[in-house]
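Next, two complexes with subunit A in common: one pairs it with subunit B, the other with subunit C.
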Partner chain A sequence: MKILFFGQLVEMIGAKELLIEDMTDIDTLKAFLHQQFPLLAQSKYIIAVDQEMISDNRKLENHNIVALMPPFSGG
Partner chain B sequence: MSQEPSYERYHRQMILPDFGLRAQQLLLASKVLVIGAGGLGCPALQYLVGAGVGHIGIIDGDQVSLSNLHRQALFTTDDVGQNKAEMAAKKLSRLNPDINIEAMPVHLTNQHALDILDQFDIIVDGTDNFETRYMINDACVLLKKTLVYGAVSQYEGQVAVFNHLLPTGERSANYRDIFSDPPKEGSVLNCVDAGVLGVLPGIIGSMQAAEVIKLITGIGEPLVNHLLIYQFNNHQLFTVKIMPQSKTSSFIPIDAIAFKATDYAWLCSSSQHALEIGAAEFDQLIGQKNIDIVDVRALYELPVVQTFNHVRIPLPDLKEAAGQLKNDTVVVFCQSGKRSLQAAEALMALWGTARKVYSLQGGILSWIRFVEKQ
Partner chain C sequence: MKERTPKNIFVQGAISSAFIADSIQKHSTKTDIGGHSIFLGQVRADEIEGKKVVAIEYTAYEEMALQKMHEIRETVFAEYPLTCMHVYHSLGKVAAGEICLFVFTSSAHRKAATEACSVLVERIKAELPVWGAEILEDETHQWKVNQ
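== the complex of A and B ==
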């Protein structure tokens, strides 16, 4: 599945998007990303699956597009 | 203020399909408060004043500075040092003398926010910090006001309409439905640290003005229950559907008394201040042996430091490169002290209490000022 990163997270990951297959659910994906990118674990972000914000764990399929978005404060 | 619109002034918008005299009268009868006459507020104000919103409030306690001018196109070099709200009101009243523009040259605080916001129909958030953004969001929820939110970070911007009255009688999602509580200070870059091109807040502030006009006149589909992300580099738009969350109400003060008692500065501050050192302590440490000094800024950032020994490891590479750091005391710095605090926390997470990690408060800029004073 495609994972999109926004804002400051791009710098942390070193890429705007990643392709990661076979993540069964959001919690598994988060644990994987936090292990690979520890700075991400300390960052605040929301998750959207197929352009809908989700707040609880949910199952993922390889066709899903997952987006990680941090808060912005600048103006 | 006249409710009979100037046909000549507003002609080009009044001839639009679905707009006409009806929409123009709605604009003239509306009261909009723009909080912050900065990178977002300036363009928003210019279009709202031009469009003929009948009553516009501008609140900003800051003065115009030279570094504002590349993105705050209302101001000129002569205005440096003047209050932003007053200067903006002066210029905007020349743009459209037919409407009522009210300048409030003060910082918005939770002691008067409810009284001020209550006098307006729609609130525009053009601020530049989480403390004020959370306070404005909570005030709008308590007062049942529609909030038009905009924010930028480097090459991206966010826009949304929060807490809008739905046909069901309920209110749409607000900022706390997305980010229930503020991030720790320093964990998110602001414009001072991260930089911003003038045109990006110009685009986002204009989008906020567009949302206000859509909300007042009923044309189009405002970003209710949606968060829009605009990417400057490739002009891509990414829209995310958001929904009110049942847990949100527990984060918002229950009434005006609780709101005034909420310490918004504390909510947004870091719990890790113990790690930070001032410029004087930093100055002593850089002369010592057996210390690693690390610049965590990106390699292209200025000023380049040449006066003391250090290594450059940009924040994103820090975890992988941490093995290069051999000494028991590590001092990290960045431009203003926010990213270095994040770096210090990351190193502490890696090493625990086995090593001492310090972050230079105020960044290298504070040390340069310190040295200049000596």
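== the complex of A and C ==
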């Protein structure tokens, strides 16, 4: 599945997007990313799945697009 | 209410005063309007640890921001008797002193326009997935935090 990063997270990860397959749910994906990118674990971000913001764990399929978004600072 | 399709709100770089003037001018044919309210966000040259902000570089999750803006637009239209609503937000680099956000509401009587304009600005800042990097005079940057 496609994982999108925004704002300061792009610099932290070193990419705007990553392709990661077979993550069963959000918690699994987060654990994987936090292990790969320890700084991410200390960062504040919210998650959107297919552009819908979520706060709880949920199942993922390979066709989902997951976005990790730091606090918004538009305007 | 008429269905409105998501509009593109993003413009590359600063929003020019000519664009704003033109946008105002276009409303002269809509003679049911009695009042306009305009908010202009301008890039402030803050000083951060002795270094001046020279520009803000904006990025966004564009698809999601446009969808979210569409929802905001619908709810604000449902709540206030507005004739018109226009929102423009910059992407890319906007220098200090330039305009990065233009919110323009119009109504028959002033109250709807001023209140809707204020609600829109607050919701845009809080709910749109847009990020600003403050570029400092030594070319380093730090990420903007909305208050």
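Assume the second predicted complex is superposed on the first by the 71 of 75 C-alpha atoms of A that agree within 3 Å, B and C clash if a C-alpha of one lies under 4 Å from a C-alpha of the other, contacts with A are read in each partner's own complex, and residues count from 1 in each chain.
Here is the rule we go by: a residue touches a chain if its C-beta (ideal position, glycine included) is under 8 Å from a C-beta of that chain, and two chains touch if they have at least 3 such contacts.
Predicted model only: the values in this text are computed from it and were never measured.
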Quiz item: Given the touch rule stated above, what does A:14 touch, subunit B (first), subunit C (second), both, or neither?
Solution: first
Quiz item: A:72 contacts which: subunit B (first), subunit C (second), both, neither?
Solution: both
Self-check item: Partner chain in contact with A:51 - subunit B first, subunit C second, else both or neither
Solution: both
Exercise. Report the partner of subunit A that touches more of its residues: subunit B or subunit C.
Key: B
Self-check item: Contact residues of subunit A, present in both the subunit B and the subunit C interface
Solution: 4, 6-8, 48, 51, 67, 69-75
Quiz item: Which bits of subunit A are touching subunit C when the two form their complex?
Solution: 4, 6-8, 10, 48, 51, 67, 69-75
Quiz prompt | Residue numbers on subunit A that touch subunit B, as the complex places them | solution = 4, 6-8, 11-12, 14, 37-39, 42-44, 46, 48, 51-53, 55, 67, 69-75
Quiz item: Taking the complex as given, what residues does subunit B use to touch subunit A?
Solution: 36, 38-41, 125-130, 133, 150-154, 156-158, 178-179, 182-183, 187-191, 194, 196, 201, 227, 229, 238-243, 245, 315-316, 318-319, 342, 345-346, 349-350
Quiz prompt | Residues on subunit C engaged by subunit A in the complex (per definition of touch) | solution = 41, 58-61, 63-65, 67, 89, 100-101, 121, 124-133, 143-146
